[in-house]
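Each of the two complexes below includes chain A, the first together with chain B, the second together with chain C.
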Partner chain A sequence: MNRVILSFYALLIAGLPLAGLINALGYSVGIGGPLATGFTTQYWQQLSTETSLLVSLAFSLYVAISSVGLALLIALALVLNRQRMLRRWPFPALLYVPLLFPSLVVAFYLFQLLSGSGWISRMVVALGLTQTPADFPNLIQDGAGLGIISAQVVMAFPLFTLLFDGLYTDARLDELRSLTRTLGASEGQFNRKVAAPILLRRAAPTLVLYAIAVLGAYDVPLLLGRNYPQMLSVFITARLQRFDLADLPMGYLIGFLLTVGLMIVIYRTTRWTQRHAL
Partner chain B sequence: MRSNPVLTSILIGLFGLPLVLLALLATGQYWRFPDVLPPGYSLDALARVISAESDLGAGLLLSLGIATVVSVLSTGLGFVFSRAVARTRHPDRWVTLSYLPYALPPVLLAIVIQPFIIRLHLSGTVMGVGLGLLMITLPFCTLFFRSFWGNQASQYEQVSRTLGCTPTQALWRVLLPLARPLLVTCLFQTFLIAWFDFGLTNYLSVGKVRTLTVQVFLLVGEANSRLAAVASLLLLLPPSLLLWLNQRAIARRVI
Partner chain C sequence: MHTYRRLLTNLFLLFLTACSSAEQRDPATVLSQSWAQIEARGRNQPVTLMMWLGDPFINDYMNKYVKPEVKKRYGIDLQTAAGQGTQVVQTLVAEREAGQPSQIDMAWINGETFYQLRQIDGLLGPITDKMPNAKLIDFTNPYIGTDFQQPVAGMEAPWGNVQLAIIYDGKTVPNPPRSFAELPAYVKAHPGQLTIPNEFTGMTLLKSWMIALAGNPKLFQGKFREEVYLKWSTELWKQVNAIKPYFWKQGTTFPEQLATLHQLFANGEVAFTFSDNDAEVDNKVNLGFFPKTARAYVPAPGTIRNSHYLGIVKGAQHPEAAMLVVNFLMSPEAQLKKMDPNIWGDHTVLDLSRLTAGDRSKFENLPTRRYAPKRAEIQHLAFQEPAPEYMTRLFKDFRTFVIEAK
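== the complex of A and B ==
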């Protein structure tokens, strides 16, 4: 019975995705899809000339690392320096508020707030600092991905704060703080050498998975990003939705490689977590 | 370690501002650049939620329906699957397999499975979107219930069987009541995953299944900020209700 249930589970969660990945691989070597002409490695060889893919990959990595890094720093600072504040009204409820927002709504809100004709720009006009939307600096759909990073940080740092706060209590860091202070360590030394390493080590799997989620984000870069450079999900989707069917094999190849790459990262993370469970 | 009023105000402003701006956009009339505030206010855009001309009411019901069915199905099945996983010789392998859908961003998962969804004649249907969402929520639930099937649950089950319970009775009268808090939390979280999804739903629906998130995107594309704000506020309603009912349920959301 157990075997039947597990087979059904494997079929449900892995059946279609694996079949889809094999199909994508078939496209990429010319044996699948409407333009299948027989086995070829031409699309794999063309990969090295796909500069837009490399730019997209680099941009996605930059956004993921910057946003997770910034959110992590804010959350650590709040948990380590404002522990009592986080336990007082309104914080226990306030930190949950951003979790109510779908990423698409956060993107829409930031679009209305930060665009050239957005709310902040209107206030700046009212103050007499600018006159037209064009005078306002590009904070969204900009080359540096500031809008995307802002959205990801706004969504991530409350979650990380709640995560670190829970881990802080679980690890009895208040007791460790007293102990290290008794032994002569300063507040900063305790934060840097004791608390932060413990929190980061315990939260590592969640942080890696979150970074992967940001790397593959679609909603936010679709609204707040621009056509070049694009984040990976938007880049691949745009590639597969073009009218030119000749673009399909390369689109599927990139999707296949990205999935395999992320699977390796997740596999190593879960193995690491299983071996170093704290 | 003292409370900082400036920091408190900044955080309240940061988290409260979206609600203020969305409410202004939804109720403000003829709000053009460079006006800082709308010259007039009206509730007509909000009234369109219940009007027959607007898709918003239908989108709200559709989103509620999809999220409810997906969350109930995945919580129930996830509970059963996690029990089967816990009883295998190598549960770690199944845990690793359960992470497979997370290697694929939802929109990429949709792209990869779309050819098969088309062959199954499910493209652009609620069933197709539901199946896609189940692929994300089911492994989530299985991973979520993993901690439940430890020694304690097994011992309770064994004791109940020793005392004469049938397997069904042990499930209904011992295991399910024991797992109730986790079941409720999992139900809330999977509801939110399905409720918040845009990428997968948008791709698999090919414009035919217009959930609220899909409508927000379409309205933004049409530069209809008022209705987009109304749809955004509607999207916040169920999570707010869930937060009010159970704060921890939302907080435990696994990324």
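== the complex of A and C ==
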């Protein structure tokens, strides 16, 4: 009985994604896909000419690191400096609100709020601070990815706050705080040298997984991002949905490499956190 | 406990074998049937149509009119599934690689998808010679019988005929550029009002602009010609890049979807949008989505006119029922309903001279377009759709030479 359940579980968790990965590899070497003509390494060789891919990878890393970095700074500040506020109604309930919305809804909300013809822009025009909506600064579909980062931070910081708050209680940091204060450490020293390292190390696997999810996010960068540079998932999807079927192998190759790369990152992070567990 | 275990094992096996339980149909046998046999076999079957579901008017036409009608006439349970272009092609390829009959029976396609489906031999046909209502269509009309310079040859059934139109807001744009030649100067004088969507309609605009620049539409007829493309696309990128800083957001980004551009237009952030359907402005104004001051026109010397089609999938499980649906969609009743600007506003593919006097009169007495140009007025402003390679190349090069250019 357990074996049946285990097989079913393995098929869902590992088998199907692995089959997809093998399929993508098959496309990338010309043995799968609508126009496959037999084994070839031409797409792998062409990879070095894909400069847009490198730009896309760098932009995605920048967005993922910035979003997760900002969100965790906000969450750490709240958990370490605003413990009382976190326990006072309605703050705990409000923290759950952004978590209730799908990412596309958050992206659309920010689009309506921050676009050139959005609510803030119209208010600014009505107040006479700008002449036309076009004078409003580019906060979405901007070169620095501010719109994408804002959306990701709005969705991530409540989750991180709840996570850190749980870990704070588990690690009995309040008691440690009293102890370090008794030993003469300042509030800032306790936060920097004791609490933050403990929370970050314990939360590391979740933070890395979240960063990977941001790296692979599709709907937020599609709505709030530019055509160039594009985040990886938008870049790959565009390749897979182009009008030219001959583009499919390269799209699958990039998707394959990205998946393998992220699997290695997850594996290494898991090993690292196991070795340095607190 | 044993019963529970057996149930779980059976469920697991059912999951594994579910995909292979569908019926595989032989295309030759399907096509060898007479129309009477097709009618008999197609009744009371389900049909899945994969189509673009991005327009509420089109969805209403399908849900409130077509589905009840085919149910009433043939007992067919018509289901629509979202998907277009390469999604259709990739679904069919995946099903074929898995050795499965298709979950899709028919699809709404146009030239570039037709080209791809022919590349993978994904269409059942010829089918139109079987269908009584196809006799009401003039297949010698180059805008109907030829799709992206490929002969239709009965492999897809014409459904509607449209032409690219520029939509503008008459309130903010009292004098829009009346030709492609006037467009660059206009954009320079009115920065931020215009942008090009980086998708199908945007590419149709670029193709029309390129043909206008060349000055001879015949250069783009027939098979793809590399030298023609290189010469005129280079000219096109020169013009586009010269005015790029004057586009919306200084040309630093372009909308990835037409719906996004429509939204920007509706919000007043840009003053122009585009449509592959010359009559779309009417239904968007009627819907209250576009302002009442929105108008559409075709710039000189013209824009691309083409037809959109319905194809039946080669591995369809219910090809006869799909043929009944296609035949109904080409019927005077269904075409008349579809052409009404208050319903969809999609121009008919029927040759009115082949209709009965009663049917013809109904078409001639349809409510007129209020905000879109009359078909008679733009009759001389139409280009044939060039071969599909022009589209694939323009799409790639627009990214390389415009979007990613410094």
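Going forward, the second predicted complex is superposed on the first by the 269 of 278 C-alpha atoms of A that agree within 3 Å, B and C clash if a C-alpha of one lies under 4 Å from a C-alpha of the other, contacts with A are read in each partner's own complex, and residues count from 1 in each chain.
Quick note on the criterion: contacts are C-beta pairs under 8 Å (C-beta built on N, C-alpha and C of every residue); 3 or more make two chains touch, one makes a residue touch a chain.
Note that the structure is predicted; figures quoted are calculated from it, not measured.
Trainee: Pick one for A:Ala71: touches chain B only (first), chain C only (second), both, or neither.
Mentor: Touch status of A:Ala71: no partner.
Trainee: Have a look at where A:Ala134 lands relative to chain B and chain C in the superposition and call it first, second, both or neither.
Mentor: Only chain C is touched by A:Ala134; chain B is not.
Trainee: Check whether A:Leu53 is in contact with chain B, with chain C, with both or with neither, and answer first, second, both or neither.
Mentor: The answer is neither, since A:Leu53 touches no partner chain.
Trainee: Go through the superposed model and pick first if A:Val79 touches only chain B, second if only chain C, both, or neither.
Mentor: The answer is neither, since A:Val79 touches no partner chain.
Trainee: Let me test your reading of the model: by the given contact rule, A:Leu240 touches which partner, first (chain B), second (chain C), both or neither?
Mentor: both
Trainee: Touch check for A:Leu99: first (chain B), second (chain C), both, or neither?
Mentor: first
Trainee: Quick one: name whichever of chain B and chain C touches more residues of chain A.
Mentor: B
Trainee: For A:Leu224, is the partner it touches chain B (first), chain C (second), both, or none of the two (neither)?
Mentor: Neither partner.
Trainee: Who does A:Leu146 touch here: chain B (first), chain C (second), both, or neither?
Mentor: A:Leu146 contacts neither chain B nor chain C.
Trainee: Check the residue A:Val154 against both partner chains and state whether it touches chain B (first), chain C (second), both, or neither.
Mentor: first
Trainee: Based on the A-chain superposition described above, do chain B and chain C contact any of the same residues on chain A, and if so which?
Mentor: After superposing on chain A, chain A residues 5, 117, 133, 222, 240 contact both chain B and chain C.
Trainee: Using the touch definition from the top, list the residues of chain A that touch chain C in their complex.
Mentor: Interface residues on chain A, with respect to chain C: 1, 4-5, 7-8, 32-35, 52, 115-117, 133-134, 138, 141, 143, 222, 226-228, 240-245, 248.
Trainee: Within the complex, which stretch of chain C touches chain A?
Mentor: On the chain C side, the touching residues are 5, 8-9, 12, 15, 85-87, 89-90, 93, 97, 112, 116, 119-120, 192, 198, 203, 249, 252-254, 256, 264, 267-269, 388, 391-392, 395-396, 399, 403-404.
Trainee: Quick one: which bits of chain B touch chain A in the complex? Just the residue numbers, please.
Mentor: Checking each residue of chain B against chain A gives 1-4, 7-8, 11-12, 14-18, 21-22, 25, 33-36, 77, 80-81, 84-85, 87-88, 92, 94-109, 111-116, 134-135, 138-139, 142, 195-196, 198-199, 203, 213, 216-217, 220, 225, 228-229, 232, 235-236, 239-240, 243, 247, 250-251, 253-255.
Trainee: Chain B touches which residues of chain A in the complex?
Mentor: Going by the criterion above, the answer is residues 2, 5-6, 9-10, 12-14, 16-21, 23-24, 81-85, 88, 90-94, 96-106, 108-109, 111-113, 117, 119, 121-123, 125-126, 133, 154, 158-159, 162, 206, 209-210, 212-213, 215-219, 222-223, 232-233, 236-237, 240, 255, 258-259, 262-263, 265-267, 270-271, 274.
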